[in-house]
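You will see two complexes here that share subunit A, one where it goes with subunit B and one where it goes with subunit C.
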Partner chain A sequence: MENNNAQTVDKLESQSSPPTGIQVILREFKKDKLAMFSLIGVILLIVTVMVLAVVIDQAKIMNIQLLERFTEPGVRGYILGADEAGRDMFGQLIIGAKNSILIAIAITILANFVGIALGIIMGYYGGFIDNFFMRIIDFFITLPTLMIIIVVITIIPSYGIMDLILIIAAFQWMSTARLVRSKALSEARRDYISASKTMGTSDFAIMFKGLLPNLSSLLIVEVTLSFAGNVGIETGLSFLGFGLPPSTPSLGTLVSYAMNPIILSSKWWIWLPASLLILIMMLGINYVGQALRRAADAKQRLG
Partner chain B sequence: MSTNTNELLEIRNLRTSFRIKDTYYPAVDNVSLTLRKNEILAIVGESGCGKSTLATSIVGLHNSINTKVEGEILYNNQNLVNLTDTQFNKLRGNDIGFIFQDPLSALNPLMRIGEQIEEGLVYHTKLNKTQRENRVLELLDQVGIPNVQRVAKQFPHQLSGGMRQRVMIAIALSGKPAIIIADEPTTALDVTIQAQILDLLKTLQDEIQSGIILITHDLGVVAEVADRVAVMYAGEVIEEASVVELFRNPKHPYTRSLLKSIPQTNSENEQLEVIQGMVPSLVKLPRQGCRFSSRIPWIPQSAHEENPELHEVAPGHLVRCTCWKEFHFEDEEGSVNQ
Partner chain C sequence: MWKTIIRRVLIMIPQLFILSLLIFILAKQMPGDPFTGLITPETDPNVLEEMRIKAGFYDPWYVQYYNWIANAAQGDFGQSYTYKKPVADIIGARGLNTLLLSLLSVILVYLIAIPLGVLAGRYQESFLDKSIVLYSFISYAIPTFVLSLIFVYVFGYRLMWFPTSGTVDISLDAGTWEYYWSRFYHLLLPAITYALLGTTGIIQYLRTEIIDAKTMDYVKTARSKGIPMKKVYSRHIFRNSLLPIAAFLGFTITGLLSGSIFIETVFGYQGMGKLFIDSILSRDYSVITALVMLFGFLALLGSLLSDIILSIVDPRIRID
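For the complex of A and B:
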């Protein structure tokens, strides 16, 4: 009997307690079919690309085979045809997508790590520290980011993937820092932060154990959307010829083949798949980001 | 009245000033108070009189950018005013516990109850994980929370107001502090829960023998639990006495007006007594003369002291200014000498 009662209480409890964290996000995705579809699509896409990239032999694909020049899709095992130098487009697409995604992830992690840490420190301490870093951020934001990245890349004699990641990340942390700072500024003046102080908790622990989780709704959205942005920046730079060196395929370099008018007009299989992949991925990530944003705001929630 | 050995906390000439447009205005002005062991010292006064500022000054919660704390707060031969954050962190939570007014906003919404109570134990004790967990359950049990196992795993929004305040008390008690500062602990609660929380505070105090500074604007609460009372007005202590003395024999016009404005169920007069005027703002507050004079304009200026000081009118009973001698309520005729 006693046991029975306890069970009923537990049952009622689980029904009556409001959904938290992950549950809210899940409900939002269940309500929004497009976001659910995008989420599954984006995850599938990334996983497929990563798995195939491991299987595919990059050296073999990048071999120049003049006999296979401009092979059309579907001919002789070339699923998406071959380019000017007879290299398999499908293989290039997979490796390019892998490179682009990995670079975007690395930039996102690096830039957001710096942005979030700095934003929380600024918001928590306020005063001089806040002013000092805000002026630096203001300065960075007035700079034409893309131009500077291009100039830096031109100056550096030889650069690889790591350099590219660092350079782009160096210009991407400001907006996150500003956003986090504004939220942290209001959140850090709340009573529970003072209460934590009266327990003798150190500033560091308060900032990253107490304050950070309370900004998580904002951060999830910010990180997701900035990931989409970073894919765009990397492909854009590569397209302009300032991203990855031509020997390393990325979605941007593949699209940049379209700068050749002949390829643009008659060899669609060289540039269209990469363009479509970028479009689909960006759209998908943005739909996911939108759903997360709604989940973070009780007024906009659908579920 | 008591020997020095019983003194836990001694506040001497404390002045906490806020910066408003490059000028510092004291919100707590020259306050001296003593807290003894196993005593509940109530600090009462209306909104804006500096009660909470005083409390937050003791635990060093003020932002040094726009606040200046001067004077001495002596605890264990240390002046708390001069401590660095690192030094203070050793005291806070361990020697001094703080109970906030609104338990909902003072609990981290994304941390489980158990974790929040554990926080102080992590910093101040050498207990291991299981010992800490047991202590958390013990504390929750001590503050009268049923089904401790479950509550420890819940989030603050899943508890009722009274339960949350009990959790706050459990957090404050976790380090068995010598001093507990309770900043209006019952204001956010309804009356029945208030009584329970006050009873709880009193019982727990008997157990751990700590001194409590109870900040409140509710004289009913004061009468119920306090041993000694300090009445604050506009940043100054204007009267200090034992609770019996204060309620039987209030001297200062402000204290008397406060006592008169408590709603009474048995009074025939349906109009609630009010003190006319408002507490002057921090910027406009007259820094000289009796600060209460503007709210009792029918008392001649000559009755006030030029620089009002605390006078001992009876053993342990301090009153600021001399205006109480000539004070009478506006609707009364002539002076009533007490």
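For the complex of A and C:
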């Protein structure tokens, strides 16, 4: 009898408790077919690129074969043809995509870690700390970031992938910090935070065990959208010639071959696949981000 | 009202100071000095050394900084290494091209965004609204250089509707009617590309503004007075949501500046963005420094403009 009662209580509780974060997100994706399609598409794309990048022989692809210069797609096993130096474009596309994705992930993790931590600290403490960092952020956000990144890259004598990641991340944390701060500011005035303070919980624990989980829905959105933004920035810089060194191609490097008018006008297989891949990735990731944003905001939810 | 504007302008002074200091430090890290541009095989190293001392190359950094700022404030950014001309002259010539491109882009942005935003808000949840929202999403997600390249390929090389690169047809004489037409024609495709990408913010803002306005009291009052819905839209709602749109002008300017680097590079348009990339490639440091300073100044000005317009429109953010 008692056992039965406990079961009913369990059942009632599960019915009345509001859906948790993951459930809300799942429901949103079930309701929006295009978002589901984008999510699966992006994941499949990233997994395929990673798997293929492990399988293919990078040294063989980057090998110069002048006889295969500008081989057209489909000829002699070159799925997407070959470039000026006879290197397989399909292989380069996979390597480029892998590099672009990994770098964007690294920048996203680094910039968001700093942005989120600082945003929460600013929002929680408020006052002088908040004012001080807000002035800095306001200033840096108006700067012509792209130009300064390019100048810094040209000044650094020998720079590698790590330097590129650090430089871009150094200019990308501000908008995250500003957004997180504005949410943390109102969240930190709630009763449960005051209750924790009276209980004597340390500031650090309140910030990162109390505040952080309550901002998680916002943070997922922010991380997703900034990932898309970072793919755009890295490929853009590589396109201009200030990203990855030519020996490690990025999707942007492949697109930059189109700056040669002959390649742009008549050798579409060299630059178009990389352009379309960037396009598909940007659209897909951004669309997933939008769906997550809707799920995070009860007013906009579809499901 | 004035208090807000003055306060906002005052904030800009330390910002400009930090910006100039930042650029000065970056410039100091660049190899070479302003005289590298004057070196020819006949240059005597001793004369060069004398010139360096005379120009204060060995002065303490704050003296150098002061001299640099004092000269820059008078428009003297030194000599260009590649062009052997004063930097101000080069930037002046290229600046006009970028100004024309930006002007046409801004006009196109507003011409496209305002009708689309109004229609989307008015016919909310209709097929038209959904298409416009999808368009504004796509234009937000596409990187500038990808769309520019695809446009050059499709409209320039495949359909041959537009010239594929350059600022003007070089065979034409300056001053003729054909010359000005050719300039405008070269301007059109880059401007359209930028405009299509720059509309997102305005469309989304107008749309939500109009959707919100539908339930406002002043709209209900107007309706109950017997004004037809059509007129309520064109007179009451539109006028109320139009002013904040002006505030986007500042953001549009800032966006245009960074966009100009990609667009001018792809379209081979001889503006400041292309000048920046060219100078970086030829290590023309005096031009680079001047351009970063100018772009930074313009970006600060853009955000100042937006803040001032916003404070005029929205009394809540004013300081009393």
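Assume the second predicted complex is superposed on the first by the 286 of 303 C-alpha atoms of A that agree within 3 Å, B and C clash if a C-alpha of one lies under 4 Å from a C-alpha of the other, contacts with A are read in each partner's own complex, and residues count from 1 in each chain.
By our rule, a contact is a pair of C-beta atoms (placed from the backbone, for glycine too) under 8 Å apart; a residue touches a chain by one contact, two chains touch by 3 or more.
Source: prediction; values computed, not measured.
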Look at where subunit B and subunit C land on subunit A after superposing the complexes, then choose clash or fit.
fit
Can A:N214 be said to touch subunit B (first), subunit C (second), both, or neither?
first
Pick one for A:A258: touches subunit B only (first), subunit C only (second), both, or neither.
second
Contacts of A:F139 with subunit B and subunit C, given as first, second, both or neither:
second
Can A:F37 be said to touch subunit B (first), subunit C (second), both, or neither?
neither
Following superposition on chain A: angle at subunit A, subunit B versus subunit C, Cα, nearest 10°
100
First, second, both or neither for A:A195, with subunit B first and subunit C second
first
Please name the chain, subunit B or subunit C, that touches the greater number of residues in subunit A.
C
Looking at the superposed set of three chains, what is the minimum CA distance between subunit B and subunit C in Å?
13
Footprint of subunit C on subunit A - complex, ascending
139, 142-148, 150-152, 154-155, 228, 232, 235-236, 239-242, 252, 255, 258-259, 261, 264-265, 268, 271-272, 275, 278-279, 282-283, 286-287, 290
Subunit A - residues contacting subunit B, complex
13, 17-18, 20, 126-128, 190-192, 194-203, 210, 213-214, 216
Contact set on subunit C toward subunit A in their complex:
15, 18-19, 22, 26, 29-30, 137-138, 140-146, 149-150, 152-153, 157, 164-165, 254, 257-258, 261-262, 265-266, 276-277, 280-281, 283, 288, 291-292, 295-296, 299-300, 302-303
Residues of subunit B touching subunit A in their complex?
56, 59, 61, 63, 65, 85-86, 88-94, 96-98, 100, 102, 105-111, 119-120, 123-124, 150, 155, 157-158, 168, 171-172, 174-175
